[in-house]
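You will see chain A twice below: alongside chain B first, and alongside chain C after that.
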Partner chain A sequence: MQAGFEQPRTIEEATALLQKHGDAARPFAGGTDLLVQMRGGMRSPDILVDLKRIPELGQLEIGSDEIVIGAACSTASLRENAELVRLLPGLLEAAELIGSEQIQGRSSIGGNLCNASPAADSVPALVANSAVCSVAGPDGRRDVPAAEFSTGPGSTVLGSGELLVSLRVPRPAPDAGDAYLRFIPRSEMDIAVVGVGVALTLDADGTCTAARVALGAVGPTVIDATTAATALLGGPIDTAALERVSEAAREAARPIDDKRGTAAYRKHVAGVLTRRTVEIAARRAAEGN
Partner chain B sequence: MSEDRKFRWVGTRPIRHDGIDKVTGRAQFGADLSLPGMIWGKLLRSPHAHARIVSIDTSAAEAIDGVLAVVTATDLPDDDPKVADLARNILAREKVLYHGHAIAAVAATSAALAERALDAITVEYEVLKPVLSLEAALASGAPILDEARRPKDMEDTGPTNIAARCEFSRGEPESAFAQADVVLERSYETQMVHQGYIEPHACVVQTKEDGLIEIWCCTQGGFAVRSLTASVLGIDTSRVKVTPSEIGGGFGGKTTVYLEPVAALLSRKSGRPVKMVMTREEVFRASGPAGGAKIDLKVGATRDGRIVAGTARMWMEAGGFPGSPVQAGAMCIFSPYDFDHLFIEGFDVVLNKPKVAAYRAPGAPQVTFAIESLMDELANELEIDPIDLRLANAAKEGTQLPYGPRFKAVGMIETLEAARAHPHYAAPLGKNQGRGMAVGFWFNNGMNSSADVHLTEDGTAVVVTGNPDIGGSRASMAIMCAEELGIDVEKVRPVVADTETAGYTDVTGGSRVTFATGWAVIEASRKIASELCIRAAKIWDCDVEQVGFSEGHCLPVEGSGLDHAPLSVADIAKQMARTGGPINGQAQLNARGAGPAFATHLCDVEVDPETGKVDVVRYTAIQDVGRAIHPSYVEGQIQGGAAQGIGWALNEEYVFDEAGRLENPGFLDYRMPVASDLPMIDAVIVEVPNPTHPYGVRGVGETPIVPPLAAVANAVMAATGVRMQSLPISPPRLLERLLGAGDV
Partner chain C sequence: MAKLHVETSVNGEPTEFLCEPHTTLLDALRNDIGLTGTKEGCATGDCGACSVTLNGRLVCSCLVLAAEVSGQEVGTVEGVADAETLHPVQQKLLEHAGLQCGICTPGVVVAAKALLERDPNPSERDVRFWLAGNLCRCTGYDKIIRAVLDAATEMRA
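On to the complex of A and B.
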């Protein structure tokens, strides 16, 4: 396992390096997935392009309309931002599940997204919160919804020379709430068998006026379960709504049998977990009212 | 135990002598040593679970600049039947028998180059159908791993995957079942699991110009590595020297060799020291896990809870070569109980999985899962408290074991009574919670040990033994020496020595080190005490009979008429040269009478009825340890064994695909419990002294992994009403049962 190492200081330098080396180069932030893949012989890039020296990739801005999280911000640095934790508790809960304390000093949610694992914990939470990815490339910038960023296990929409700069999340309204739950057979240090991200808004009467439900580890990419979200809209989050959303999530899940769980089991748990996640998000939304 | 003595050090908790080096990272483990001129060895492993080797072409690899040696099985002799299987496991010959089976090795100037050179080796295989379950191995028409092999101790009916059979019987079980009011007949299954030691196998080997081989490696036994390596290479044992490093866990898995003979061949060919370090993936694929098992069990009891008869048939996975611990399992299954009519039959079964190695009480956890699950069901059926049911049948002093001998003093009843008296047993349970209990037995081993104690000129002592310190044994050896010499435990320096410094000593295993090697240390220390009396007699110019030794001092015996101030060990040590020279004590023994150890475990679980996830919320492990020399390390052994057993019960299993490739060769998907999965395990020490040991010590390390499999399953039953007879009780398997088959 040997590779060259570049440390560009600007996005332009980085995209130029990535374009020049093509598939031989691999963007490198914390390396918590990439180094493991290299050691395991799954990837053998010739050049690692370290993105941590580029200021824009390390930014964290909480604006009045939008929250901007640099793609290379470490998970630990996000956790230390009390306002971010207050605004997006579900996204932070998802990020906190990735790796151990030590790993979180290096891991990032940008990296979690770019690694494009169907089981990535932060992605359902990003999708539920309608995050948008800022992508830079040789031809300039473009925006990609987080829901469309991954195109399959290990693959993304990033083209030649392109990199993920930041994630932009609409600032949640006071009457909105988000949550993320995952199921693993252990208590930590594991990969989601099912992950569920939910963001929803409740008006003063408790009527659900907006909702988004995203399912992880039950398809080749995170599933934006619109039918599940629709099941919540226009009424209170009561037992009937929870039953509807649970059933809709089960319907939306398209899992496979693998060493981490059977397809039937994942479908069942997707329903259970969706119900539990909606309950937490609804409680948070109600507290904001 | 002859004396009811008051101890000064035994039972105390001094800081371990190797502790500071270990917490500061200074301690040298298997992969830490490097030698000048050293090169790196890597193994080519089979991509097939079962195949005939048609040809191996290594010429392209040999031609690579920087590749200094390539070896295959043809570089090993093939004429010693005693080590033929071991040698063929180390480097495959004629056939590969599991995915990951080593087939050739390269040594090169860097690890990366050695890795790349492996790709240049061409192997032609004739791929065969793999045999991946006990059922498939035993089916008529099953592919046979070794056509030439005939089973041991059973009728020869042609080629078979059964490698051996064992049997224990007593009385007339079949007719005795007629006396029973209740007869339960059940089948149980467990899967292949790994010990999960943190440190991968690693060694550095140097073959010198004179042909002597020096090995530095992580192992549970330097002497075992020495004899196995010499036998596989076909050379004299004295031509090999082994220096054990510190060891990052073994649990039985480091009692054999994988890398050392290969590194020796590579070093011999290249003239360089060769380092080999397994990756985690290699450890999972190609070291020795514990095999899965199937146990058919039948037990009959009277209405008042007396067992009248039991029969057991069991099959255990050996992996690619014979050698499952089925006989040990057969010895253990009925040993906690006292009844007259029994029949036990065990089969050692080969199949296309890695060759198994020892794992903590080998064979006992699997069979105890069966008997203790059945006992729980019997208690429910008879409406008898599960502890009372076991007390009604408990083995005790004088009870005859199924394999012949009678128990001396043992602590089965004492651990059961301690369990019943423990607050855990009566504590209230919450929603979705249940409590289970199970007992466990392991016979423990004595075997061969040596010890040298050297008195230093300032009155301190050096204790030299040959057992790698895997669970705090240095501290225990030092305590026993300090106890005998009456000096401070900090004044004792315990040393783990190489095979040319320590006297012959069997492996660190079988729960034998504190018992047997400790006994040798006691004997060697007593020789020093005797010698100190001789020296005091010289100093005082009296008869040695007039000198006694007590609490670290020589003093005139009562009635001797002598009037001298006592001489301390340090006083006499200072005068060694003038009184006859150095003072050393040496002892060796083949330790008999390892006292068997019983344990009773209590387990509370909480089950998520919607996901099938089981959380262990409270766990108490009670064990008869004979005498706890260093209670912290006794508790550590009990907690560690319980943790491994809980993992075995809940989520650990080797997952193979249809071609026999292991799908979870890493800690991410081989789901051992992590620290946050477990409650603090309450280790309760019961001391029923082992009558044969000078201090009453029994082996401790293995018994704690025996009860948890059933304790967890019984707790799940109590919480859910579902009895899981097949492990692991992973969430998908349990949920399927909770919801009823077909619903998920």
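On to the complex of A and C.
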């Protein structure tokens, strides 16, 4: 088939194009993964379907119950929204870590999720915040929890003709806080050895009433570490709780040996980084948003 | 297949060109529009030599498709100086010897200008983080950072 470039204006047009061309077509958001993969010969779609002219994919809506982030919004544009940064500092921290300023001008959270790298920075933060993915396809819409969106390195639940429209995050309560930390050997422009996203809620006495801990780069997909979350519930975030959550994260991590670290090292880092991330989230929860 | 016809604005000038559907903006600028100031280092988003602005936002032109810029505004290094008068960022890079081979320089100029338009008074740390996506094999960065901070001071005066 011959190369093509399409700029649909509606979701229906986009899903129709994707369905019509099947594997020959690929959704295109910021292109910061896709164009690099095409250049490296890892992917060779004929038809690129640009999603950035579809209004719903570029919208950002901060509602009283829910925050809706268009899948194709550039991370640079998200960082410019002060209310979003105030409500979800951890998610924005994670998004800001994606590449350089130049990459930020293009990279989207939807692309980060759909590319399905186990080390994708925004995904642990999305899972910790219980984000839901709005998916549109030829047969209409469906919702998929962010924790279940990726099914393995490079693969997702998206079927033929489907695309990710938006991420819907429950609006954090005033006594909730989130955080994301990643460990890399240098301070910028690297891929996570481990990434940890945490969201938690503290009541007036400082008792942890809700928590979610998600670990990136230590498994084929992001790990929703429920045992780590449970280790925080029902008491204050004190030294004992931090020790428990750290141990539970170490246990939950399922890393492999690779050039960026051995499995044993990554398990250790997962424990340490989880404790630090929980401390930041707890401080934010105590301060209120 | 017929080439795509793209009408856009480059440095404020209405510009039109023909391109293949998967041609990058970098290649269109250099080969079809004849603006060779924008450089290719890596073609994979790592080095920043190809930095341009798209609707005012700093991007790598090697990771933008030429066909995407139809109806949008592109800014390149050629639009930075005012005729013969260099932009303070350019002038200070010269004064501080913030370049040797020069391949990274157009990207550094475009990126630093974009920073100073957003934040006229950045800290050294701000400048270092903002320019983390502009790799330079020659200068060791320090002279570039000093030049940008000096340009910021001059522009605030």
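Heads up, the rule we're going with is that the second predicted complex is superposed on the first by the 285 of 289 C-alpha atoms of A that agree within 3 Å, B and C clash if a C-alpha of one lies under 4 Å from a C-alpha of the other, contacts with A are read in each partner's own complex, and residues count from 1 in each chain.
Keep this in mind: a residue touches a chain if its C-beta (ideal position, glycine included) is under 8 Å from a C-beta of that chain, and two chains touch if they have at least 3 such contacts.
The shown structure was predicted, so the numbers you read here are calculated from the model rather than taken from an experiment.
Undergrad: Tell me the contact category for A:2 with respect to chain B and chain C: first, second, both or neither.
TA: A:2 sits against chain B and chain C alike.
Undergrad: Regarding the shared-chain residue A:174, is it in contact with chain B (first), chain C (second), both, or neither?
TA: Neither chain B nor chain C is touched by A:174.
Undergrad: Give one of first, second, both or neither to describe whether A:31 is in contact with chain B, with chain C, with both, or with none.
TA: In the superposed model, A:31 contacts chain C only, not chain B.
Undergrad: Contact-wise, after the overlay, does A:50 reach chain B, chain C, both or neither (first, second, both, neither)?
TA: After superposing on A, A:50 lies in contact with chain C but is clear of chain B.
Undergrad: Which holds for A:234: it touches chain B only (first), chain C only (second), both, or neither?
TA: So A:234 meets neither chain B nor chain C here.
Undergrad: Would you sort A:261 into first (chain B), second (chain C), both or neither based on which partner it touches?
TA: first
Undergrad: Going by the contact rule set out at the top, does A:189 touch chain B (first), chain C (second), both, or neither?
TA: both
Undergrad: Applying the document's definition of touch, where does A:272 land relative to chain B and chain C: first, second, both, or neither?
TA: first
Undergrad: Take the contacts of chain A with chain B and those with chain C, and give the residues found in both.
TA: Shared contact residues on chain A: 2, 40, 188-189.
Undergrad: Which residues of chain A touch chain C in the complex?
TA: 2-5, 7, 28, 30-32, 35-36, 38-40, 48, 50, 52, 74, 76-77, 99-103, 105-106, 188-189
Undergrad: Touching residues of chain A toward chain B in the complex: what are they?
TA: Of all residues in chain A, those touching chain B are 1-2, 40, 183, 185-191, 193, 258-262, 264-265, 267-269, 272-273.
Undergrad: Inside the complex, what are the residues of chain B that reach chain A?
TA: Touch list, chain B to chain A: 112, 281, 610-611, 613, 615, 650-651, 655, 663-664, 667-669, 671, 673-674, 676-677, 730-732, 735-736, 739, 744.
Undergrad: Name, in rising order, each residue of chain C that touches chain A in their complex.
TA: Residues 1, 4, 20-22, 24, 43-46, 48, 51, 54, 57-60, 62-65, 67-68, 111, 114-115, 129-134 of chain C touch chain A in their complex.
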